[in-house]
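Okay, got some structures for you below.
Each of the two complexes below includes subunit A, the first together with subunit B, the second together with subunit C.
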Partner chain A sequence: MTIAVLSGFGVALTAPWLQGRLPRRAGWLLILLPLALTAWFAAQLPRVAEGTTLAESVSWIPSLGIDLAFYLDGLSLTFALLISGIGAVVLLYASAYLADDPLLGRFYLYLLVFMASMLGTVLADNLITLFVFWELTSISSYLLIGFKHSYGTSRAAALQALLVTGGGGLAMLAGLVLLGQVAGTSNLSSLAASGERVRASDLYPAILGLVLVGAFAKSAQFPFHFWLPNAMEAPTPVSAYLHSATMVKAGVYLLARLSPALGGTVEWQGLVIGVGAATMVLGAYLAWQQVDLKRILAYSTISALGILVLLLGVGGALATKAALTVLVAHSLYKGALFLVAGALDHETGTRDVTQLGGLRRAMPITGAVALLAGASMAGLPPLFGFVAKEVFYKATYEAPDLPALLTALAVLSSVLTVVAAGLVALKPFFGVRAHTPRHPHEAPLRMWLGPLFLAGLSVLLGVWPALVAEYSVKPATEAVLAGPAKVELVLWPGVNPVLALSLLTLALGAGVYVFRHALLAWARRLDVGKRLGPERGYGRALDGLLRLADWQTDLLQNGYLRFYLITIVAVTVVLVGYTALAEADLSGALRAPEMRVYEGAIAVVILAATYAVTRAHSRLAAVAALGTVGYSVALLYILFGAPDLAMTQFAVETLTVFLFVLVIYRLPRFATLTSRMERWRDAVIALSAGALMTLLVLIVTADPSRAHVASFFAENSVTLAKGRNIVNVILVDFRGLDTLGEITVLAVAAAGVFALLKLRPAQARAPEARAERARTAELQAVPTAEAGADPGSGD
Partner chain B sequence: MDSLVLRTAIRYLLPLLLLFSVFALLRGHNEPGGGFVGGLVASSAFALYTLAFDVQRARQLLPVTPRRLIGLGLLVAVFSGLISVLAGDPFMTARWDNRPLPVVGKLGTPLLFDVGVYLTVVGVVLTIIFALAEEE
Partner chain C sequence: MEVVLAVIIGALYAAGLYMMMRRSLAKVVIGLSLLSYAANLLIFTVNGVMRGRPPLVPEGAVRPVEPFADPLPQALILTAIVIGFGVQAFALVLFKRAYQAAGTDDLDQIRSTELPKKSRKAGQAQG
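Entry: the complex of A and B
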């Protein structure tokens, strides 16, 4: 199972290479992976249906209790089958849909990474593992939505999806960490047992809120729903895969998975049912008003996700069963319909419903697929969508609270869904043949085979619902309820109120479809979409964030070296000084240090040289004086028995002189640019930094018991690290990781210097340097007027 | 810089300084020295050479560009830590060969790590110095 998850990442890496070598066959080869995964998961169906579960675990970060743990039960198996099965369909479809794209190999890479991340998400048994894969799906989704990265709208939509789902993900992480602490386990499979403790905990509202934000953002629930229609900028296979069949259902998965631990309370029901119902109605209401095929489908997907969330909020065997049935049905028909929309776009050159019509002769197979999938979406018998809608109505009709209201809302959204189904499945293929930008032909084999398969499944499961009930819905329901459940699905439940509701839905839907133009004019005037626009909030938040970043960047990264130094030193002095004065024991620290004569002599030299630096009237003098300070300090190191430090200090001083020689000719003429006040300010800061360091050294040396660090290294250097040079042993062994970090920082610094000096545009370099010099000359002419405006050197 | 004295001197100093830098690197675990100071000494040698001649000739002395040295050094340092991972221990657990050698003491992964530090330091300093010296 671990292999099943991780194989996707491995194969993904080979995809661009494979596409380069076998441009025509790479698609057929690559679908072997999702097909194999589908077969493997399908082979687990009988065992899982009997109630067995599979678990595997590889130790990952044992010190934090994080394992690469995977767990397969009915719920994860249902999702895994959808992910791998639809993955195969979409991959094959994309190989034709994007056949002319030079970056197809990269597309395969992203898609397979997404598939593997998604499998990891639904199979993960560890809360943190779940989060890692969850965020991986967000990142791969970002790459897929922004696949056509030359379009600004694509990039904006990708960023929006990433920020919304990623931000939700962070909230979820906080929630999961709290949940793990309260429950005392980070294993999802054993969470259900601690459900009582979690729900009784003081932290329960926080956990619930945070987890729900994550799940709602991912599953495009109100008020986070706006990213999903915008994500339609993605290539259509991506929309079919991520934004209808799999990723957007990750939030639903999380709710289902955590409902034994978190569910059943008033808070859960209120929030989840409320948000689910609002999303369901809003999505359906906005869906039928769109003209873009993909946006119609996107809003109706939002509506379907609302249904799923609503049902999980209601809870209990019936609603859970209904949720899982709707989930499977929706994945099948919506995946197929998205692919049909892509085929229409590909063949006719437009996705505008008003421009499409009468294509049934030109595209008979695509039309048949659309008709079947659309019928399933509308809930017509004998398709699986009908079965799903029956159990959905039954669940709302028999809901423990507010059954009348929930049922009314369910019927309302279903009526509008019927209209949307008509727009997608009927309008383009029947009626008057409309003129389209491209002359339409039937889509190639790779673009109808998969959708036909999905539509065929809608039919098969419709006439034989017991199949999916026994192998998928029942084990999954039992997994969600954490207990046995009696689950049956039938195509024909007999004449009852629910069937009457279904018929009413279809009749009303047909009516609205016929009179949609009149109703549309009325709905447009109402303009609910814009008024209820959380997207505007997103825009404002983003703008505000950018302004904040601008402001603080201007403040902190102002380009003046002296301000950087002032900021760094002053912050250090204030924070460390405060802690030292507030926390440390100063009794032994304030004493006259013992000093030998030659130490005192060196100290005098250092002080004199430092004073000389501040009073120097040429750079050369300043550098020479600084060198005196450096070499004197190195002498002190020798006196105190630290030859390593002394060697290093000598080498650094030498190199500093060398660097100075290299730049001295290019520096502007030495000038005093600071005012008297600024010099006093600098003096205060510098002196307080010096005073702080002196104080710290006195504190540390005052108390002999603090020397245990030194004695530890002295005693263990030879025995543990086989070296007698303690400084070096600390550097390469005891604190080797720090050293690795430090040399990495050095490398980054070198890259920075190199980029600053070398990577400027060649033509710009000379004039820019001249302009810089001219500007500096001007400044020097009026040193007091614009004292602060000279970036870099001078003072 | 056109100085015959410096040019003649650096011809003899360069190998000596480089030898000393390697010496400092190898003995570092037991005596004063180590990869960092060794790297600084080696860079000073090349820096002096650059001062005496020019960047072009200094570059020719090096088999690879300083930027490559940075990458190589980091790779060596990380690799030295990964050896123990392959053996099942945590990252950067020291592994030693217990036969004593002159100067070095014993061979072990910390020495390899120090070699990585040495290479990185040489690469960083020379990248900066060459870039500055080539400016205009």
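Entry: the complex of A and C
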């Protein structure tokens, strides 16, 4: 099972190479993987139907309790079969649909990565593993929606889908972590056992809210639904696979999987049923008003996802059974219809339903597929969609709370779904032959074989629903309920109120379809979609985020060196100063100075010279004062037993003064650029930093009882290193490598100085005259432009 | 004596930071110098100082006469002085080139790595 999941990632990496080597056959070769996976999962059907489950675990991050754990029961098996089966169909379809695309290999890569991630999501047994695969599906969805990356709309839609589902995913991660802590296990398969504890916990509302946000965002529930129609920017095979049959159902999967632990409470029912019902009606209402085939299908997918969420909210054996039946039925017919829409687009050059008509002779097979899948969508017997709608109605009709309202909403959305089905399956193929941008032909084999297979399954399962009931719906229902359930599906349940509702739905649907133009004008005037647009909220949030980032960047990265310094210094002074005053023992720090007269004199000289540096108005005065400070510091070194330091300091100080004098005369005179207020502000901050340093030195030196490493060097200087000057011995022997580093730094600095002084940028080197001019400009230090002294180009 | 040194260190830090907060690049470079004096003296002082007892081993002995000044800070500072000089020299020359390129030593005028308009035009005309 681990191999089943991970093989997808492996094969995905070879796909671009394979496409490069065998451009014509790569599609046929690559579908071998999903086919093999389908076969393997199908082979597990009988065992799982008997109630066996499979579990595998590979240790991943044991210290955090995260394992690459996989678990196969009825629910995951149903999803896994849909993912791998429809994956094969879509892959084959794409090989024809995108045959002319130079990036087809990359498309295969993304698609296979998605398939593997999706399998990982539904098979994962560990909460964190689930999250990782969940987010991988979001990322592959992002790449696939943005596949036509040269279009701005594609990129915007991809980003929107990523942000909405990824943001929901983050909420879900928080919820899952909390859930794992409360339940005491991060294994999904053992969560059901601690359901009581989770539901009684104080954290239950937080867990429920966070997990639901993740699930709703992924499954395009109101108010997160807006990303799904926009995701139709993706190539049609992607829409069929990710945004209809599999990925958008991940949220539904999560709800089903967690319902034993989280479900059954008032909060769960209120939220899940409410959101599901709103989504169901809204999706259906918007679907039939669209003119783009894919958008019709997208909104009706939203409606179907709403049905699934609603049913899982109702809970119980009947509703769960209904949810799983609708799930399978929807994946089959909607996958097929999306592929039909893609074929129409591919062959006629348009997806506008008002421009399509009378194509049944030109595209007979596609038309037949559309008719079968559309009939299933509309809920016509003997197709599987009919069976699904029967159990759906039965579940709402017999719901424990508000059965009348739920049933009314269910019928309303189903009526509109019938209209949408008519628009997709009837309108393009019957009636007057419309003029299309391209002359229509039947789609190639690879583009009708898969859809035909899916539509055929709709027929087969409709005629023989016991098959799917026995092997898929029953084990899955038992997995969701965490207990045995009696599940039967029949095509013809006999005459009952539910059948009457179905007939009413079809009649009303047909009526609306016939009079749709009049109704459409009326509905457009209402314009619910724009008014209820959470998409505007998304746009505002995105703009706000960018503005916030701009503001923050301007604040923190303002480009003024002094503000960086002021921030750093002020924060240090406040934090360190507070800690020093609050925590440290200040008794010994404040003591009377003890010094000799000549020491005092040096101190006075240093302080005076330091002050002079800060107040100097001439460059030479500043350099002279700086030199005075340096030489005086050297004197201090002599007085306190550091002759080596003093000698070095004298030498370096002399060089520094030379250097300053040489360079500083090429520079402008000191100018006072800041205002008096600014200078006072800086002075206060600098003085408080200085005071803090004084205080720290006093605190540290007040306590003499510290271990010295000096004795080690004193002991070993002569015996080990044969040197009498201990400082020198440390430099060249004990810490010899440090000195090597120091020399290296000095060499690099010297090279840098040389390069800056001697090497000229390319532009300045070329013409003789201009170089001369540049040299003059340099000598005069006139602040006019010296030609082309670009610091980045020539050096 | 540490008390006096502490005051000197504080004054050097204050002056160094104040100079580094100026807008004129020349003053910033001078501030860097002051800061390195301050840091060196800080290292020198924190472990306690001792008058006139350099860490030298007399002829014929195997260890210095107690008490003696701590040799380790001295070794560290020796390195720091030399590296400080390297940094100082590089900063000065870099500053000189930046001034030539930008035509100003006001840090607020040097806000980007792009050349000022005038000299960029000249560069493009020739390039």
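Here, the second predicted complex is superposed on the first by the 558 of 795 C-alpha atoms of A that agree within 3 Å, B and C clash if a C-alpha of one lies under 4 Å from a C-alpha of the other, contacts with A are read in each partner's own complex, and residues count from 1 in each chain.
Going forward, contacts are C-beta pairs under 8 Å (C-beta built on N, C-alpha and C of every residue); 3 or more make two chains touch, one makes a residue touch a chain.
Since the structure is predicted, the reported quantities are computational estimates derived from the model, not experimental observations.
Undergrad: Going by the touch definition up top, name the partner, subunit B or subunit C, that contacts more of subunit A.
TA: Subunit A has more residues touched by C than by the other partner.
Undergrad: Name the contact category of A:740: first (subunit B only), second (subunit C only), both, or neither.
TA: first
Undergrad: When the two structures are overlaid on chain A, which partner does A:656 contact: first (subunit B), second (subunit C), both, or neither?
TA: second
Undergrad: Regarding the shared-chain residue A:683, is it in contact with subunit B (first), subunit C (second), both, or neither?
TA: Second partner only, subunit C.
Undergrad: Per the contact definition in the header, classify A:648: touching subunit B only (first), subunit C only (second), both, or neither.
TA: Touch status of A:648: both partners.
Undergrad: Just checking: does A:757 make contact with subunit B only, subunit C only, both, or neither of them? Give me first, second, both or neither.
TA: both
Undergrad: Could you look at A:731 and tell me whether it touches subunit B, subunit C, both or neither (first, second, both, neither)?
TA: Both: A:731 reaches subunit B and subunit C.
Undergrad: Could you say whether A:722 touches subunit B, subunit C, both of them, or neither, answering first, second, both or neither?
TA: A:722 sits against subunit B, while subunit C stays out of touch.
Undergrad: Kindly classify A:345 by the partners it touches after superposition: subunit B alone (first), subunit C alone (second), both, or neither?
TA: In the superposition, A:345 contacts neither subunit B nor subunit C.
Undergrad: Which holds for A:390: it touches subunit B only (first), subunit C only (second), both, or neither?
TA: A:390: touches no partner chain.
Undergrad: Which parts of subunit A are in contact with subunit B and also with subunit C?
TA: Common to the two interfaces on subunit A: residues 643-644, 648, 652, 655, 659, 663, 666, 724-725, 727, 731, 739, 746, 749-750, 753, 757.
Undergrad: Going by the contact rule at the top, pick out the subunit B residues touching subunit A in the complex.
TA: 24, 28-37, 40-41, 43-44, 47-48, 51, 67, 70-71, 73-74, 77-78, 81, 91-92, 94, 96, 105-106, 108, 110-111, 113-114, 116-117, 120-121, 123-125, 127-129, 131-136
Undergrad: Can you check the complex and tell me which residues of subunit C touch subunit A?
TA: Residues 1-24, 26-28, 30, 33-34, 37-38, 40-42, 44-59, 61-64, 68-72, 74-75, 77-79, 81-90, 92-101, 103-108, 111, 113, 115-116, 118-119, 122-123, 126-127.
Undergrad: What does subunit A use to touch subunit C in their complex?
TA: It comes out as residues 559-562, 565-566, 569, 591-595, 599-600, 603, 606-607, 610-611, 613-614, 619, 622-623, 626, 629-630, 633, 636-637, 639-645, 648-649, 652, 655-656, 659-660, 663-664, 666-668, 670-671, 673-674, 682-683, 685-687, 689-695, 697-698, 700-701, 704, 706, 708-710, 713-715, 717-719, 724-727, 730-731, 735, 738-739, 742, 745-746, 749-750, 752-753, 756-757, 763, 766-767, 770, 777-778, 781, 783-792.
Undergrad: Quick one: which bits of subunit A touch subunit B in the complex? Just the residue numbers, please.
TA: 643-644, 647-648, 651-652, 654-655, 658-659, 661-663, 666, 721-725, 727-729, 731-733, 736-737, 739-740, 743-744, 746-747, 749-751, 753-754, 757-758, 769
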